[in-house]
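So, here's a batch of structures to check.
First chain A sits with chain B, and in the next complex the same chain sits with chain C.
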Partner chain A sequence: MKTRFLEFILCMVFILVSACFYGQKYSTRTGNLKFEASMSSFEEVAAENKTASAVLESSKGDLAVLALMKGFRFKVALMEEHFNENYVESDKYPKASFKGKIEGFDASKLSTDAKSFTVTGELTLHGKTKKVTDVAKISKAGDTITIIGGFDVKPGDFDIEIPKLVSKKVSEKIAVTYNLILSK
Partner chain B sequence: MFILIEMKMKKRIIITLVFLIGTGALLYGFLYKEARDVSNEASAFTVTAKKLSDEYLANTVHADAKYLNKTIDLNGVVTDVKDSLVIINHKVVCGFDTAIGNPGINKNITIKGRCIGFDELFGEVKLDQCTIK
Partner chain C sequence: MNRFFLLTACLLGITFSYAQDDLLSELDSTQVSDSYATAAFKGLQIVTLQTTKMPAKKEVYFVVSHRFGTVKDGFSEFFGLDQATTKIGGVYGITDWLSVSASRHTLLKVYEAGLKYRVARQSADFPVDIVGYNTVDINSLFKKEDYPKIEFSDRLTYITQVLISRKISEKLSLQLVPSYIHKNLHNPALENNNQFSMGAGGRMKLTKRLSVNVEYMHNFDKPDFYTNPLSIGLDLETGGHIFQLLFTNSQAMTESGYVTNAAGDWGKGDFFFGFNLYRVF
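And now, the complex of A and B:
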């Protein structure tokens, strides 16, 4: 019984130590996220979040991104109000998150020339989760890894209803782009 | 007789114009209302960074109901300055819209900002549109 316990402790120590050595984390608190749902000949429907958080586990290529919905800023105040109150209901669902993996990621093979990688994962917002896949350009300079990419989402996939009255002014396809500059 | 009719017409036109301009202005004011100016708002709460962080760690949903989107006066010690962010007591991240000078690490500070929620990745509460008081 005692040896079992000791074994368990040793195991835990080993896992912790290895996590310390191999778990190289790159992170940022100032990730840039933008989305645009503009329709031609109508007013621009776009917002930007400059304080998204992201953590990259470089040994495995695990990527986690978190954006607080209230952090999305619009040029038009009323649009921001509608976005928060009617569409994403940011009081009820204050954040959007992405958890995924960069396929075939190897930090040691990155260079200042951006390479393309497939990123797949789950995007959660407005209380709904959906799988997203896109191709990101990843580069590395010194201790900084830059990940740039984008994908399209549909409001309907996240149970966000665009009222008929404004459906001509808001695109059914929302283009999301991200620019994450992560450092150690 | 003719002049009288013309006067009536003129009056009508003027009234219609005033009415149209009035509704136009109202509508414009509604559609393009001024953005919120957090720095000039009266703050709803005055808290220490530790208290705000503790409340969020204890129960994010309750803390969100209390603080989310509210203007807060935050007291604490500057532990880090990064780009446009000032980090207070390692626990609260304050985002500034305009570039900030160095407020000085380890300095006691009061920051006014809007609470936008809790960042689970870093375990920090976030404020935006901050100003140093």
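And now, the complex of A and C:
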């Protein structure tokens, strides 16, 4: 009986220790995402989400980001309603997510001066998943890692239809930018 | 000791694989969602009755509506198009839950002022949207020369409605409309000055930007020679415009005229064509 008990305790200690060393996680619940699909000389089509959550596994450079579609705020309320109702169908597909990897990531080499890293991963939106690659600027100050970057997406890649009637007002190339301030 | 190593290895393996796969699902549990049901209706009106939709804060809706003459008169009146009545007005959102409106109707030369306020919203915790709607109609048709004793208060009609809607599915929304109308000026031989009615309406989306709407009101204080309004409409939404094409057996566009003075009869081919046009600024 005694050895069993000892085994159990040792086991737990091992797991705890390993989890501690392994789990170098930085996260946020107030990540900032923006996108803009404006066409020149037409009304601004842009929105911002200040409540994206993100987590970075610093030992491996794994990055995951999640945002609620209804968390995107437009300047024009009607545009926001149409975005949710007609374009991204937020009731059917409430979330957008990104799961990827920061290549060559090493937390110990980060400093307050931002360095460029290539980020690759899969973006899931409107029920469709697509590979995206971009270059992010990453810096570190104390226990805080800041990741800033951006990439372009095409609505068509995610089965988001832009009706002909408004095709002049909504860009075919949508610029997405992100600013994630992650802490331990 | 073998068992010990085996067990540890197993458990370590589990923690590793957990950490690798579940960065995303870890985030899932931390999200708080905004659970309000949105856009039960596309427009501010089902057909002629108001919907529970509110203009957003600082939004301005410009409204032009027409109801043509009865279709029954046929080609000589171009199926009613020779006798158009018009409503022209505006709605302004003071906040997301309160809006004011003003409009002018050619029928009976009515000026209408309205107040619409949201009391409750449909969400995971509450089943329906509840909106209050009050208007005052000012009849400016009566001339002082013809009716020397008429007072300003005689021109007024008060309308109080409660709008209760539920977005049942993405496509289907239904609404109940209890309504109370008080007329300062009325002919006691013909009708009550207080009229209660109960109605219902709904919309069914055909595509993302097109829906069919139906509404009916039952007036409990209705004299025999009037009918109960039954209307059907088609909503077309194009960016900042909402266009509603409709057929109805009640020509008036004020709630009071629409509910208490419906004169058309669907069964006799006596109905009216019309449309509502909204532009949102």
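Everything that follows uses one rule, which is that the second predicted complex is superposed on the first by the 167 of 184 C-alpha atoms of A that agree within 3 Å, B and C clash if a C-alpha of one lies under 4 Å from a C-alpha of the other, contacts with A are read in each partner's own complex, and residues count from 1 in each chain.
FYI, contacts are C-beta pairs under 8 Å (C-beta built on N, C-alpha and C of every residue); 3 or more make two chains touch, one makes a residue touch a chain.
From a predicted model like this one, the values you see are computed outputs, not experimental measurements.
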Just from the overlay, do chain B and chain C fit on chain A, or is there a clash? clash
Using the touch definition from the top, say if A:29 reaches chain B (first), chain C (second), both or neither. both
Mind working out whether A:66 is in touch with chain B, chain C, both or neither, as first, second, both or neither? both
Applying the document's definition of touch, where does A:78 land relative to chain B and chain C: first, second, both, or neither? both
Would you sort A:169 into first (chain B), second (chain C), both or neither based on which partner it touches? second
Scan A:184 for contacts with chain B and chain C and give back first, second, both or neither. neither
Who does A:86 touch here: chain B (first), chain C (second), both, or neither? second
Once chain A of both complexes is superposed, is A:154 in touch with chain B (first), chain C (second), both, or neither? neither
Go through the superposed model and pick first if A:115 touches only chain B, second if only chain C, both, or neither. neither
Contact-wise, after the overlay, does A:50 reach chain B, chain C, both or neither (first, second, both, neither)? first
Counting touched residues of chain A, say whether chain B or chain C comes out ahead. C
If the shared chain A is used to align the two complexes, which stretch of chain B, 2-10, 56-64 or 110-118, clashes with chain C? 110-118
Indicate the residue numbers of chain A shared between its chain B interface and its chain C interface, in ascending order. 27, 29, 51, 53-55, 64, 66, 68, 70-71, 77-78, 84, 91, 94-95, 97
Complex contacts: residues of chain A adjacent to chain C: 7, 10-11, 14-15, 18-19, 22-23, 27, 29, 51, 53-55, 57, 62-66, 68, 70-71, 77-78, 81-82, 84-86, 91-92, 94-95, 97, 99, 163, 165-166, 169
Can you check the complex and tell me which residues of chain A touch chain B? 27, 29-30, 50-51, 53-55, 64, 66, 68-71, 76-78, 80, 84, 90-91, 94-95, 97
Mind listing the chain B positions that touch chain A in their complex? 30-36, 64, 68-69, 82-85, 93, 95, 114, 116-122, 124, 126, 128
Along chain C, where are the residues that touch chain A in the complex? 3-4, 7-8, 11-12, 15-16, 19-20, 23-24, 26-28, 30-34, 38-39, 56-57, 59, 96, 170, 208-209, 238-240, 280
